[in-house]
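Multiple structures are listed underneath, in structure tokens.
Shared between the two complexes below is chain A, which has chain B as its partner in the first and chain C in the second.
What follows is the complex of A and B.
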């Protein structure tokens, strides 16, 4: 896969990030280097390895449908960059 | 008005009525104060680990069994990535290529004809939070975030708003009867996306649009009708339908494109590393299947073919599973089907329904109802006073009908000798009307019945009273 300016712009848009032209160039190089690194995996012969959905073999890790102790809302809200009395506040996102 | 045929497929989102959320033990309830049912897992804090709610998986499998899906023996979880504040993790945990249920179909009646719509799949995923827009900011409530949500995807088998709405009604009834969801439209617990395209007969399907997040059957109908009209106008004027995601505004009755979401289709699904796959055995599936109650359509048919009810009565009695269960239980406890049907439709449904609300609240058990009907049948109380008995038993499952009748002093006087004495006194006290009756004025009979009811405080069996008065007046 070739990394182009378009790939960078598309990815930036999906991430809601604005990049300058200089930053785009930098990212292009960065992405290309990452892909090059990952390409190393192609040298491994995986023909004898069966496909898997997860690296671990356990399945069916469930919990019962029983409510736990309520978590302190204040603790959670206090982590937010912006909030009001009972909710998180973000820039207006209406379509 | 046009020669175009609409082809419609639906994606139906339905919240499961579990006690807790899909991946954490926060409560799954509607209407709580903002962010009170949240924790580090559903609020998307880093480093937390989700754990699957067993019941949510079972409910989804149960729903799949109810509509004849093939249940996957191996199912897994995936991350659907998108950046939007209704999901704090920036991805929705969902199922991509290996959903819990595959295929299936729903058969229903529409405009007097039987119609079957095939399903493509049902998968389980988490619901998103609620955004409230005000001024130049948006506030976020994550109470709904992580609530288990089934997504049911149909094949494009529908061709009109009537068919789509009838399908949705049947699907909602199947889920309600299966006990997996309340499907309450007002609470947003069932929502639909509509995929729609137009084509001329014999030609390939046209470009489709997707109208998102319709939260009432009425909106689905209006959105489909508006979109058929809009696409027809585009095509008739020589234009091309653009593939896009659209929003329907219920206030104006028109749809509009959501262009800013065009790129959002790039969800970059990948397997969820924090959750283990779900493996179901044949025994698991058989156990869940065995738990399924008789569904609406089958019951409705049985009420007509085995109990001899009219199709109208059968459809009324099966409108809610709670009503059908009550009726079935009463018949099983010995009540006459026709009489029980009439009583349930007139008295119970009137009492249990609240205007403007989905569903019904039933305050009597089927055993109480059967006993009450038996007392009416034996003439120990009349229909009018049975209402007082019903009131007394309502929401009081330990109260027996017979006990309530005695406590209210409503037991009818069926002692013919005692009633005869009273009737003779009443006739003697009213020689005028008595003569009128003897001269052929039948209407006077009701005057005497009324007098007798007054004297016995309504506790005389009206059938016995009428016959007796007629006989004594004719002596």
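What follows is the complex of A and C.
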């Protein structure tokens, strides 16, 4: 398959990343090289094989609710990119 | 002071415990070594004050007659492992000022074992890379030859240990990131079985492949750190609660079988590396092990499989960096979209953007079946091949990397060249197996060659025993 500028732009949108024209060209070249490598995966009959999403054979285990120490509020708030006293500051999203 | 930093972890631990030297003196010596070798770029953050506090606490514990596996010993921790109160940047501008509100499970374990954490080791941004040149702060240089790459992504962790800036370190390995830098710097690196060491507090790259492990200057020290950090953790839903010691401790090779899979020795393999490995194989055979030929038929698919799966998982994991929750936010943004776009564009480096882009591509509508699903199916075949090969032997032996350390900047302009260097390490992560890299010689330029031992799940003991026997008696090229 051919990688077009449109494919790169669509993928950049999905990634929430802005690329310059030069970066778009570089990304096209990178994608093309990767797709060339990926051809090695065309060598088996995929219809006969089940997918492995995870290597472990274990299944989900539910644990009892155990009361514990919550994170320190001030420590968590100190991670906020922008804050106003006890709140995270975010732009208005509802008009 | 200079000699002190060159002692092994076991020796310095014993010196501290016996009162021959204090942890404060040892920590000062290591901090001095770090300062003198700043140019190697091994650390993003050095925690001198905290380390001295921890060293004083260790000395107090020794005076009170207490003992612990790492009491008073300076250790480095890769900068993608959370340390409460000490910034954890992942070598990314995005997390430049991120100070985690908690310690990773392994850091809690290190602290409980009395370790002194001297600093946060430099790396490729978000652990994406094989040369540690993708750090957003400074390039890491090889400890043996500073004009060359140290390997990656745990380049800082390996260099810190190899250049006496720590007695051991923690790294993380998603596709070879502990083993390959260990190989390039002539030290020992262990990638444990997936789920044997908790990932709680490890900044996620590719969650089905990531694993924390130790790097040390010899096999025994590597074992000591592994024994400290392994174990079940309710805080990691993939953490294994069963028997983690399915392997065996042994000092004789009689009755041991070592597998050689032909795919790990391609015709084009560097002749010096081949010769070093052949010599190591002969050592095992001469000392009583049986060498068995085996095969990983799906080997050729592993690299493509890895780059699809790891990029897909990375794109999902890194969607959390949105300029809202933690990390940095670009300035002057008025809308939510502006925050997303500007923060991610400004603070992610080029390699991270390539992985996110590729990941979104292989997961996107119309391409999912052809790429992601197909790679997930290839993973089934690769795992099955390893299961079959390991059914007939205790471990597989192969080179850790197809080259020794190459010159810094060698891959400039070719975004996929370094990926090929992961060819012998990525299959192990795909199959979730334990593997260890130990030095087995030097090339014509004096650069270390690494040999990789790949084991059965939870058989780290077997790998450590095999490596230790070799380390004590193996002839180098």
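Operating definition for what follows: the second predicted complex is superposed on the first by the 68 of 95 C-alpha atoms of A that agree within 3 Å, B and C clash if a C-alpha of one lies under 4 Å from a C-alpha of the other, contacts with A are read in each partner's own complex, and residues count from 1 in each chain.
In this text, a contact is a pair of C-beta atoms (placed from the backbone, for glycine too) under 8 Å apart; a residue touches a chain by one contact, two chains touch by 3 or more.
Everything numeric here is computed off the predicted structure, so don't read it as measured data.
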{"item": "Touching partner for A:33 - first (chain B), second (chain C), both, neither", "value": "second"}
{"item": "Partner contacting more residues of chain A (chain B vs chain C)", "value": "C"}
{"item": "Partner chain in contact with A:18 - chain B first, chain C second, else both or neither", "value": "second"}
{"item": "Which superposed partner A:79 touches (first chain B, second chain C, both, neither)", "value": "both"}
{"item": "First, second, both or neither for A:51, with chain B first and chain C second", "value": "second"}
{"item": "Which superposed partner A:68 touches (first chain B, second chain C, both, neither)", "value": "first"}
{"item": "Which of chain B and chain C A:93 touches, first, second, both or neither", "value": "both"}
{"item": "Contacts of A:59 with chain B and chain C, given as first, second, both or neither", "value": "first"}
{"item": "Residues on chain A lying within both footprints (that of chain B and that of chain C)", "value": "10, 14-16, 53-56, 58, 60-61, 63, 71, 76, 79, 82, 88, 90-91, 93"}
{"item": "Complex contact set, residues of chain B against chain A", "value": "18-20, 24-27, 33-40, 43, 45, 51-57, 74, 76, 81-85, 98, 131-133, 135-142, 247, 258, 260-261, 263-264, 266, 271, 273, 275-279"}
{"item": "Contact set on chain A toward chain C in their complex", "value": "7-8, 10-12, 14-19, 23, 26-27, 29-31, 33-34, 37-41, 43-44, 46, 49-56, 58, 60-61, 63, 71-72, 75-76, 78-82, 88, 90-91, 93"}
{"item": "Chain A contact footprint on chain C (complex, rising order)", "value": "98-99, 101-102, 194-195, 208, 234, 237-238, 240, 298, 300-301, 303-305, 307-308, 315, 322-329, 333-342, 344-345, 348, 353-354, 356-358, 360-361, 364, 371, 373-381, 383, 415-416, 419, 430-432"}
{"item": "Contacting residues of chain A [partner chain B, same complex]", "value": "10, 13-16, 53-56, 58-68, 70-71, 73, 76-77, 79, 82, 84, 86-95"}
